[in-house]
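Look for chain A in each of the two complexes below; its partner is chain B in the first and chain C in the second.
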Partner chain A sequence: MADLLNALAVAGKSALGFQAIFFALLAIGINVQFGYAGLLNFGQIAFAMLGGFGIAISVSKWGLPFWVGVLVGLAAAVVLALLLGLPTLRLRADYLAIATIATAEGLRLLFRSVSATPVTNGTRGLSAFNTDFIALAPWNTSQRYSILGTSWSGGELWVALVGWILVILGSLLVFALMRSPWGRVLKSIREDEDAVRALGKNVYVYKMQALVLGGIFGALGGMVYAVGTGSAVPDQYQNANTFLAYAALILGGAARVLGPVIGSMILLFILQFADTGLRLLISNGIIPEDLLSSTDVAQIRFVLVGLGLMLLLIFRPQGIFGDRREVMLDAR
Partner chain B sequence: MTHAGNRARRHGRRAGTPVVVRLLLVLTFGLGLAALTPGIASAEGEQVAGTLQTSRSGPIEGIGVTVTTTAGEDVDEVETDEDGRWAVDLPGAGQYTVSIDADDLPDGVELAGEASRTVTVDDGRRQAVIIGLEDGSRGSGGGNIQAVQLLVDGIRFGLLIAMAAVGLSLIFGTTGLTNFAHGELVTIGAVAGWYINVSGGVNLIVATVLAMVVGAAVGALNELALWRPLRRRGTGLIAALVVSIGLSLLLRYLIQIVYGGRSSPYQGFSGGRAVDYGPFTMTNADLASVIISIVVLVLVAVMLQRTKIGKAMRAVSDNRDLAASSGIDVNRVILVVWMMGGALAALGGVLLGLSDQVQWDMGFRLLLLMFAGVTLGGLGTAYGALVGSLIVGVFVQMSTLVIPNDVKYVGGLLLLIVILVIRPQGILGSRARIG
Partner chain C sequence: MPADLPPHGATASGAGTTGAAPQRLAQAALRDLPWEVGVPKPDAAVVVDGVTRTFGGLTAVSVDHLEIQRGGITGLIGPNGAGKTTLFNLLTGFDQPDTGTWSFNGQSLGKMSPHQVARLGVVRTFQLTKALSRLTVLQNMLLGAQGQRGESFFRALVPGTWRAQEKANTEKAMDLLQRFKLDAKKDDFAGILSGGQRKLLEMARALMSDPQVVMLDEPMAGVNPALTQSLLGHVKDLREEGMTVIFVEHDMDVVRDISDWVVVMSAGKIIAEGPPESISQNQAVVDAYLGAHHDAPLTVEDEDRVLAEVEAEIAREEHRDTPGSADSSKGTGR
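Now for the complex of A and B:
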């Protein structure tokens, strides 16, 4: 029973920690692109990587102030979105999907390559770039604080606080935008592109704006993650994370302002709970070691996400809060 | 995130594969190294030794090697023997500088770095000294030779991508599904082949055939258990696409749990040694891979062109409703396409495992190049996938002439994006599909 409570507490902590914020921000970006505009960005993690490395490279390699690093990361994400959107947004939806997934994998390979080592430190990555930010915390960051049976370091709390403020501001922005004429055009593009074009709107420009906005959210997510872990390593930005964010979005409900936020909290809670729970069951001998060893547990989360993604899409594409009519998309 | 460590470890191991060694040393760089010679030391005391040779010139005889202490005192001066070997006995442990006389080197062989090296010799140790030599095949002089070698390698790789991508393209053509789980069919084929071959101790050729059967079965299962019911429910294409992503994640990490993060080779084929064909070298395994790919792809082309089911596939791919109304059983054709795609992907996986060893995410990495090939050729066309994949394979390998080896996939993915700008319908595709 104590184990169970402990597992619940650990899972609860991860549903509120910087990882949940990371996925929430990624998912908010995907929500703008996929949920509202019907764009398939399968490389959201590339934007996050540019955000994280924007800070890391600016601060540790170029010696710039932290906030300049934030701007560099955001600018890099905007440039990437423009580069990706330019050739693909006039084409069918799956071309963007292929181009973005290829870019995400390509950029990661590039960042971890030997030739990029002078800038990105290759597979070892960069660290020690978040001290300026952590120093802004109004409380003592070297101390640990206990909240509801979980232990947080001061730095973690500060990152989580700033991160959740970012998430709230982002959600408010999306809320306001989607009530505006701009948001209505975006939603109609998702429903019927040709009809919007017939009304004289430049569909291409609207799609591009949605892609850029979503990319900026992705970059912010990557920044929170990089600052939260205190390091930026290319292999942290595996493209599987993009699909974790998709799972979070669809779980919460696409095309809903709070869908991605609630979705990521629930997803992280489930994943962490499954993780701790499985490790517990293995160490207690309830699950035999040769069926599933504790080193495999890390992989289980992706299996769960894959399965969950399939089941959700098949049986409940609208997730928890969504509207079924809004998410039945078709590429043709 | 959580398996970042795994990846790093896997890459570390990967660097030790014969393929990479071959690529790095023999073909791409043509870098001759003064290799470590095994302990034939006559003296009990300390010694420095080495071999001077390059891959093209062979052992180099008669090069003066001077050994001095770090203070500048001469210890000894020797010349390399007919095997390129040299050895100098030392008065004791300590730091020594070994230098060779670069002017004596034969034409075409140059120093890759410094002509001298400082080494630290421990008590009673025989210390090997490596002085890097270059036989020019890396520079402008050997550029043609190297280009031919890379072209041949690229064709082999391109044929392999083509084989896996034909199924992907036909599935897209017949059902409209962009199947992101196709890479896992490749991995499943390779891993199934590995278990049959290594754990089961079955001959590799038989194991390959069995792996293809497994691939076809998995393809059929895909269609019957998942995609056909989904089509019947009227699931949208984008939803189906995200489902395929979910399936890909599920399968990929299940494979990792079952097979593990290691990379291991197949057993019982004699293809490790490169055979010299004049302008290029190739292992027997690679040659077999090329021949098998060509034969299989020609068979696929003949089937598509001549047989009833092949014609039906092209008809469904071209216009599904028209095909259905002219009496073609569309669901049966799609099932055959899935089985064929699965079998071909499995064969591609085994051949990839032959040259690059079997890994849990090999298919996913190949998937992106398959997409590049299929897009280049034209989504939905069988021949387009073939042509496009061949070009992508050659491009990826040839690009190492200009860019480092570890970012060569990035070049292929860049090519994909360039194609989308210039000619999004691909070489053989039709304009109507892309809108």
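Now for the complex of A and C:
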């Protein structure tokens, strides 16, 4: 029983930690692009990588202050969004998907390549760029604190606090935008671009604004991740993270303000709980070692998440917050 | 703006009398015109000149000259594949022609994108209705309003800048929905409306933008007869409010009933123009719809005579190998 409680506590920590924030911010960005505007951005992780490396390179390589690094990361994300949007947003939706997925993989390979080593440190990546930020914490960051049965370092707590504030501010921004006429145009573009054009709206500009805004959220997510881990390594930014963020968004409910946030927390909770729980069952001998060894657990937990998503799509296709009537309209 | 007012408060009626007066104006202005293709109209809102559009080897549209009378209902008819919808697409910027110029109120619309055309006051509806399914009926309507301050990204974040305008737009939208008998459905998703209701919604949404020219692509297609009557009434109301209406339709009864002027297209060209009563007697139109020889069945004697004529001509051609003679076209008619 105590073991189970412990597994729950560990999973709870994971659902509140910086990784959950990372996915939440990525998914908020995808929600703006895919949930509201209908844009298929399959390379959200590229924006995150630019955000993370924006800080890392500025601070570690160029010796700039931390906050300038934040601005560099955001600016890089905006530029990437413009570069991706300019040629593709006048075309059919699939072209943006192709361009973004290729860019995400291409940028990661570029950042880890030998020729980029002088700037990005290649596969080893950069570290020691977050001291300015951690130093801002109002409490002692070298001490460990016990919260809800798990132990957090002061630095972890500070990153999580600032991260969740970012998530809340981001959600408020999305909430304010989506109840305004601007959000109405965006949702209409998702439904039918041509109808919106025929009513005198410049669809291209709205799509570009959505792409840039979503990219900025992606960059913020990457920054939280880089600051949370204390290092920026290109291979941390695998494009699988984009699809986990999509999973979180669909889990929580697309086109809902809180969908991506709650979705990421649940995703991280399930991943961690499955991990700890399965290891526990194996060590107790409840699951025989022949059937499942503890080395398989890391993979099996993703299988469980996949199964969970399938069940969700069958029994609750709208996600946790979605409106079933709304989702079912397309089935007509 | 005009849409706020009851139908007969329209700008087009100089006398400002009963609702029937404006219709007389448009019809009267067109009464004395010759029934010719490309005839100049007394007060043209839309002028098309030499517009062609080809898709590979197929010439979809090839219009030499066309003028659309302001304040009237112009029906655009023609067999399937005549290029009516393509012409609509060209006029509203959804497609760009290979050659030609076209203008609205004297302003050229060439190289304009659809939203720019719409902002000038030329709105269209689509053959396949484009209701925005996952928005409510009221949100659909509000989207149609022009010049909304809250549609700019940064002003959207400050509700104070757009709340008053939004309220005014909502009132206007509710008035229109009431007119189109959709007000009870304002909070339903547009996706659950019936086909006919979607047509009504699309027309009402177009009116939210206070257009000057309304282009309706098959407004009656797939609508039950009872609803057709109400749609017809709404189209007539547009004219009474002083709008110029261009519509594509296949139902000749509808066309005869409401149009002031009818333009007939076939194989990309305009083959006839005139008031609706002139069209059914026009030989070119009848030929386009039914084929050239539909009313003259060949008798055996006729067939023999045609055959003999052709044989005689072939014989003549074979005898005369040297070119230069000009009478070879003689006698080949029906």
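Quick note on the criterion: the second predicted complex is superposed on the first by the 295 of 332 C-alpha atoms of A that agree within 3 Å, B and C clash if a C-alpha of one lies under 4 Å from a C-alpha of the other, contacts with A are read in each partner's own complex, and residues count from 1 in each chain.
As a convention for this text, a residue touches a chain if its C-beta (ideal position, glycine included) is under 8 Å from a C-beta of that chain, and two chains touch if they have at least 3 such contacts.
Everything quoted here is computed from the prediction, not taken from an experiment.
Enquirer: Looking at chain A, does chain B or chain C touch a larger number of its residues?
Expert: Looking at chain B versus chain C, the one contacting more residues of chain A is B.
Enquirer: Once chain A of both complexes is superposed, is A:154 in touch with chain B (first), chain C (second), both, or neither?
Expert: Neither partner.
Enquirer: Please indicate which partner A:203 is in contact with in the superposed arrangement: first for chain B, second for chain C, both, or neither.
Expert: second
Enquirer: Could you look at A:191 and tell me whether it touches chain B, chain C, both or neither (first, second, both, neither)?
Expert: In the superposition, A:191 touches chain C alone.
Enquirer: With the two structures laid over each other on chain A, which partner does A:180 touch: chain B (first), chain C (second), both, or neither?
Expert: In the superposition, A:180 contacts chain C only.
Enquirer: Have a look at where A:305 lands relative to chain B and chain C in the superposition and call it first, second, both or neither.
Expert: A:305 sits against chain B, while chain C stays out of touch.
Enquirer: Is A:123 touching the first partner chain B, the second partner chain C, both, or neither of them?
Expert: first
Enquirer: Determine, under the contact definition given at the top, whether A:115 touches first (chain B), second (chain C), both, or neither.
Expert: In the superposition, A:115 contacts chain B only.
Enquirer: Touch test for A:95: chain B only (first), chain C only (second), both, or neither?
Expert: first
Enquirer: Please report the chain A residues shared by its interface with chain B and its interface with chain C.
Expert: Shared contact residues on chain A: 329-330, 332.
Enquirer: Which residues of chain C touch chain A in their complex?
Expert: 92, 94, 113-116, 118-119, 123-126, 130-135, 139, 142-144, 146, 148-153, 156-157, 159, 162, 166, 189, 191-192, 202, 205-206, 208-209
Enquirer: For a test of understanding, state which residues of chain B touch chain A in their complex under the given definition.
Expert: Touch list, chain B to chain A: 1-4, 7-8, 11, 176, 178, 180, 230, 233, 235-239, 241-243, 245-254, 256-257, 365, 368, 371-372, 375, 403-404, 406-407, 409-410, 413-414, 416-417, 420-421, 424, 433-435.
Enquirer: Which residues, counting only chain A, touch chain C once they are in their complex?
Expert: Residues 173, 176-177, 180-185, 187-188, 190-192, 194-203, 209, 325-326, 329-330, 332 of chain A touch chain C in their complex.
Enquirer: Quick check: in the complex, which residue numbers of chain A touch chain B?
Expert: That would be residues 38, 40, 42, 84, 86-88, 90-95, 97-99, 101-103, 105-107, 109-110, 113-116, 123, 233, 235-236, 238, 240-241, 243, 246-247, 250, 292, 296, 298-303, 305-310, 313-314, 317, 327-332 of chain A.
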